[in-house]
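The following pair of complexes shares a single chain, chain A, combined with chain B in the former and chain C in the latter.
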Partner chain A sequence: MASLSFILRRILQMIPTILFILVVTFVLVRLLPGDPATVMLGDRGREADIARINAQLGLDKPLVVQFLYFIANVFSGNLGNSIALRVPVTTLLVERLPVTLLLTGMAAAIAVIFSVPLGFWAALRQNRASDTIIRGTFQVGLSMPVFYVGLLLLIFFGAHLHWFPIGGYGHGFGDHLYHLFLPAVTLALSLSAVLMRNLRSAILNVIDAEYVDFARSKGLRGYVILVRHVLRNAVISTVTLFGLQVGVLLGGAVITETVFAIPGAGRLMIDSIYGRDYPVIQGLTISLAIVVSLIFLATDLLQAWLDPRIMR
Partner chain B sequence: MNAMFKALGLGAIVLGASLSGAAAVERGGILTYARQADSRLLDPVYNQGNVNIWVLSSMYDTLILPTDDGKGLKPGLATNWQVSKDGLTVTLHLRDDIKFSDGTPITAEDVRWSLERAANPEHGIWNFMLGSIDNVEARDEKTILLHLKHTDPAILPALSVFNAAIMPEKQYEATKGASDEDKAKTFAQHPVGSGPFVLTTWERGSSMKLARNPHYWAKGEDGKPLPYLDGINFEIIPDDATRILKLQSGEIDGAEMIPYARVNELKQDPAVDMELFPSTRVQYVTLNVRPKLEGEKNPLFDLKVRQALNYAANKQAIIQIVTHGVGKPMTSFMSSGTPMQTGTKPLYPYDLAKAKALLKDAGYPDGFETSIMVIAGNQDEIGIATTLQQMWSQLGVKLDIQQVDDGTRDTVYRNGTFHMRLSVWTDDIADPSEFASYALYPPTIGALHTGWSNDKATKLFEASQQELDPKKRLEEYAQMQKIFNTSGPTVPLYETPYAVALSKNLHGFNQIPLGNNIFRWAWLSR
Partner chain C sequence: MAETAPVLKVRGLTTTFETAQGRVTAVDNVDLDVFSGEVLGLVGESGSGKSVTLRSLIRLIHAPGRVTGTVEWEGRNLVDLPDPALRRVRGGEIAMIFQEPMTALNPILPIRVQIDENLRAHTTMDAAQRRKRMLELMDIVGIPAAARRLEEYPHQYSGGMRQRAMIAIALASSPRLLLADEPTTALDVTIQDQILNLILDLREEFSMSVVLVTHDLGVVASTCDRVAVMYAGRIVETTSVHDIFARPHHAYTRGLIGSVPRGGSERTMLMSIEGTPPSLAHMPRGCSFNPRCTFATDKCASSVPHLEHIEPEHTVACFHHEAVARAGVSQ
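Moving on, here comes the complex of A and B:
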């Protein structure tokens, strides 16, 4: 019961957060110089055309009125139409958001698969050659810009070896996974480095704790100590970091999606900001805010499960 | 008319042969072509830019088509046309047996409806090109009459522009939608067209598939209907390096918008056919020439200052640094691919001593401070601006480079509060009037929003807009160009071609100077 009220409390907390993000986004994008018609028509637009299009879009009304319309629409499930692409925002979200979520999910999974065992290994072999090699390699991965890593992977595994397609998203779920593998590895690289280093130092902290010495003196076997006592306590901070980093990963998807020609939400967001496509920016912001809040919620629950004291 | 048709057929054969070389064409196959950005709205009338325009010509035909050099006209859905002596009526004759992609006939009524829809001042932003049309009459099944409000020397080229495309009235009007624009949005999802290809599927931001229109009228060099291809897949690949890599590894057959820095490298690649198609693209600096800026005296108002900046800009060096030698100097403010361009030699050859003298004369012996807006992340623009910054520092002119995004730049530009900006222009029509009206005729957009005006140029432009004698019109354009090139509000930099990389298997593809991608003659060898 305690956990149920904890979850409910956290979900209720999400509502003001998302509302706040909504107001900030709504105001911020309108503070940017330029409006949708100006950008769409570019250098060639004549004043009369710009005024006519902005009036058609309702952008000539006071900001407060626009905001109230927007809020009323959101609560009736209508996010409006994209100004540039002329289709409902919900259609775009349904097309684009799953792509980015799949990419981020794959990247997160790859990062965990790599960083947990290697973090362990490095910690247990502290300051030995293998530790140095693991940390050094990840350091390089962390330092290289995403677009550069992406391009290198494309040239080597795509153009030379022909193991993977060069960009695109493919058709059907299996094909999507195949197309997203290289971009997911690219995204996962920096996350793995951060997670690995964090886990390594957390394990090193825990391994010296008195309760580990106690467990050891009880005669428990090595791997039992490692899994039940060391890992469980060490991963708490790594889980927090992981939750935060997955949020960052969603943002990092922008560059990856551009290099690998993936039609995801990141690219849509950039295009929409440049195009001052207010309804799409707002729709994407709401959706991403909900996704990130849910990730944080999941992180909190995982932490609570690892350390029940947190729930109180 | 029969003789005309034969002549056209022959022309088509000669043209097809010249494009494809000695090899006989092969039919069939799907061409995959990588584009930098996706289209937004595939409606001829309501679309708002090149991402749409450059593919619309594959989906819709016009009565008249632009020639491959972008300067002339050739028959399209109309086989011939006459302009009345008073210049107020244009009569066009429709081709026999023309059909839309769903097999229904293209009638004179469809033409009347399409042109009146395109000319409606409430519709979209391109209607001004057909602004002289008073009404359109379908005289009989094959004859169209355009009744004009006033004489218009550009009306025939205007009929070859994308917005004058012929669409099916019944199918369009049967589409649901509260307004014409709503209908356009819905119809454009599954259009019925009059061009060589028809849209089948479109995954926004990712890919667009076109299939051949089995009812298309034009014949190939084998005497069978065009197009040769079974279809085209457009893939959207925004990253330049990825687009090139995909072509080099053989996954695609063509890639547009190749950065100039990669052109020479791709020319050496045996698997790639690096094409530089002549264009109407010009790159220039736009100067705000209002007498005062931010309450202070504006140096750029002084003609001598503008001339000094022009002489001190070493165009050849910029062409080498930014376009890697791909560009060429401008001989007029309009591109050399624009009809009636009268330039003969490069404008303002580099002369630092002359520039210094002019600036001293103008009362700025030690230069002044000014700024230029460039698009953040745009390598060409940043390259030009930093080169100019260095070149103008020789005059003591301190150039502050402001990196902004499109929306910000356009707004400051329109407000008239900018100092300088970099600009690009490409013609949409085989006539000089489009760019001239933007550049030197203040009522359109205030001479590129610079505050510049010249009474003589204004009068010449107004006269040329109704001048039916081509010789007189050419003389008017020669004078307008002389005025603008010597006293205008720009620093002309260079002209560049369209850099497109193709696979060796692709033949007969062309991007004409107006930008339209012409796939009707394209074929793939296996």
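Moving on, here comes the complex of A and C:
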């Protein structure tokens, strides 16, 4: 079956991608200035102690050997221990990554919920007042820095109105969602703007297509034409953009987590970079990169499902 | 045929568009009759308004465009029919097929869905009956291996098969009038003949009327019963297919006929008359053909000739139609 082999091929394509990610991560981390032993011991660390720690971490071995160890460890699920926190990196990841994924997922969902109907509406009322207002508002959203919007929302809805907590993550799933709402809105704002603009122009491209006229000439109801013929075709390009933007969203999560004091992977990343915590940086980079490539895989499959011309 | 009332009676059909150069009139005061079971050919140079006329009949004109006049169909005026009633007419009573099936078929829906949605809109058949009807339609239009091909997408069809699929979709709910906008121009010659013969067969089988837009006088001669000639948004002459070739009464028609080499290839495109058609934004005063017309007089440059009956079945919009007829067809 054509679609099954397409899916298999697409999954196999991830293998070289992941290997590439491993190489890049390894190299990038070694390129960071400063070495962990010095950071741990401070400036007064003695030569012998520094050498001991480097040996402990395997940092005294040739790069190639270090790389082979690294690969072997990654595939056995051993990402080493955090230098600063002295716990296995995998423990940290299991603790922190879901927070960021939940935040990003919420932001993505909010962005879709807002941008699809608004993009549709703006397209159908092309160049009328409501179209201009929607686009103008989102243009502002797009051009404001994430941390600034986050602070504004915090001050107004958190500190002033007390509708939402001003930070933290809470306990229990419902509480998590409640705590993450403002940060997710902050994060969703610029994504909504991008998606809405893309969807609006995609719809305007599709709406004059001859197949839409042919559908009209069949006497179909207005909403059938809009959903089945216009929206389904328009959304194909938006899905691609959405996939690409999720990477950006994860980057935005780092800032948002800092503003809202959320104990997620973004905060952990910043702390580890300051602390030269190699194993944590490595673990985070690899797992975030794998998350992103899984999202790309999902959008590719979604796109192929929407557009049968892709599956050949 | 002339004694019976027309099934479609178009009077004063006018379609205007707002453009950067102001309002343009793409279809100007068009009168047309379509009789039961006939194939009416609509011919004219590129840009003369054939497609806009066809679309205007079922109000398939995009928003800034405006359609006025009357399109009388079964006692209703389609120009001001409310949307729900118009939806029942579109596809159910009057269907349309387009020139380029690749762009007229939705690329991401299997053919099955594109036929099925027509059946759902206009019939009360259940799923099993619709399936049976779809297989039957595929068979009627000559698409083999129907069950498999129904699940395929337009890009998996060849050009000719795609046009057949579009016809199957259009005819799904047994319309009584088919509007065909150059349905064969995008196809090679052998396939063109097959598709035209298919349309003629289906006309018999479904006892429907057809309005066939074409550039091709060979197609007119072989498929049409009557012909309407369009120039710059107006109908300039309508008559039987015999008379259009034997006794044209409009200088433009005469030019078209004269441009077909006798005894040569049967398929020759229109358009070898001196000069170019006017642009909609700069229409000449009076008869819009007068700048290119060898019969033109001062009168032609000042007032517009209206379509008049010179015989029961022959109408022409020309002050000098007698002179044109006397001049005869060249050779």
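By definition in this document, the second predicted complex is superposed on the first by the 302 of 312 C-alpha atoms of A that agree within 3 Å, B and C clash if a C-alpha of one lies under 4 Å from a C-alpha of the other, contacts with A are read in each partner's own complex, and residues count from 1 in each chain.
Simple rule for what comes next: contacts are C-beta pairs under 8 Å (C-beta built on N, C-alpha and C of every residue); 3 or more make two chains touch, one makes a residue touch a chain.
Being a predicted model, the structure only gives us computed values, none of them experimental.
> Once the two structures are overlaid on chain A, check if chain B and chain C clash or fit side by side.
fit
> When the two structures are overlaid on chain A, which partner does A:P88 contact: first (chain B), second (chain C), both, or neither?
After superposition on chain A, A:P88 lies in contact with neither partner.
> Which partner chains sit in contact with A:P263 here, chain B, chain C, both or neither? Use first/second/both/neither.
So A:P263 only meets chain B here.
> Considering only the touch criterion stated at the top, classify A:R228 as touching first (chain B), second (chain C), both, or neither.
A:R228 contacts chain C only, not chain B.
> Quick check on the superposed pair: does A:R216 touch chain B, chain C, both, or neither? Answer first, second, both or neither.
Second partner only.
> Between the centres of chain B and chain C, viewed from chain A's Cα centre, what angle do you get? Round it to the nearest 10 degrees, please.
160
> Once the structures are superposed on A, label A:D208 by its partner contacts, choosing first (chain B), second (chain C), both or neither.
A:D208: touches chain C, not chain B.
> Which partner does A:P98 contact after superposing on A: first (chain B), second (chain C), both, neither?
neither
> Quick one: is A:I155 in contact with chain B, with chain C, with both, or with neither? Answer first, second, both or neither.
Touch partner of A:I155: chain B, not chain C.
> In the overlay, work out which of chain B or chain C sits against more residues of chain A.
B
> So after superposition, what is the minimum Cα distance from chain B to chain C, given in Å?
Between chain B and chain C, the minimum C-alpha distance equals 48 Å.
> Quick check on my understanding: which residues of chain A belong to both its chain B contact set and its chain C contact set?
none
> Per the contact definition, I'd like the list of chain A residues that touch chain B in the complex.
32-35, 38-47, 49, 84-87, 92, 95-96, 147, 151, 154-155, 158-159, 162, 165-169, 258-261, 263, 267-268, 274-276
> Could you list, by residue number, the parts of chain C that touch chain A in their complex?
On the chain C side, the touching residues are 55, 58, 60, 62, 83, 86-92, 95-96, 98, 100, 103-110, 117-118, 121-122, 153, 155, 166, 169-170.
> Help me check something: in the complex, which residues belonging to chain A touch chain C?
Result: residues 208-211, 213-222, 224, 228-229, 232-233, 236, 306-309 of chain A touch chain C.
> Which residues, counting only chain B, touch chain A once they are in their complex?
Residues of chain B touching chain A: 40-41, 48-49, 125, 185, 203-206, 235-239, 241-242, 245-246, 248-249, 251, 405-408, 410-414, 423, 425, 438, 444-445, 448.
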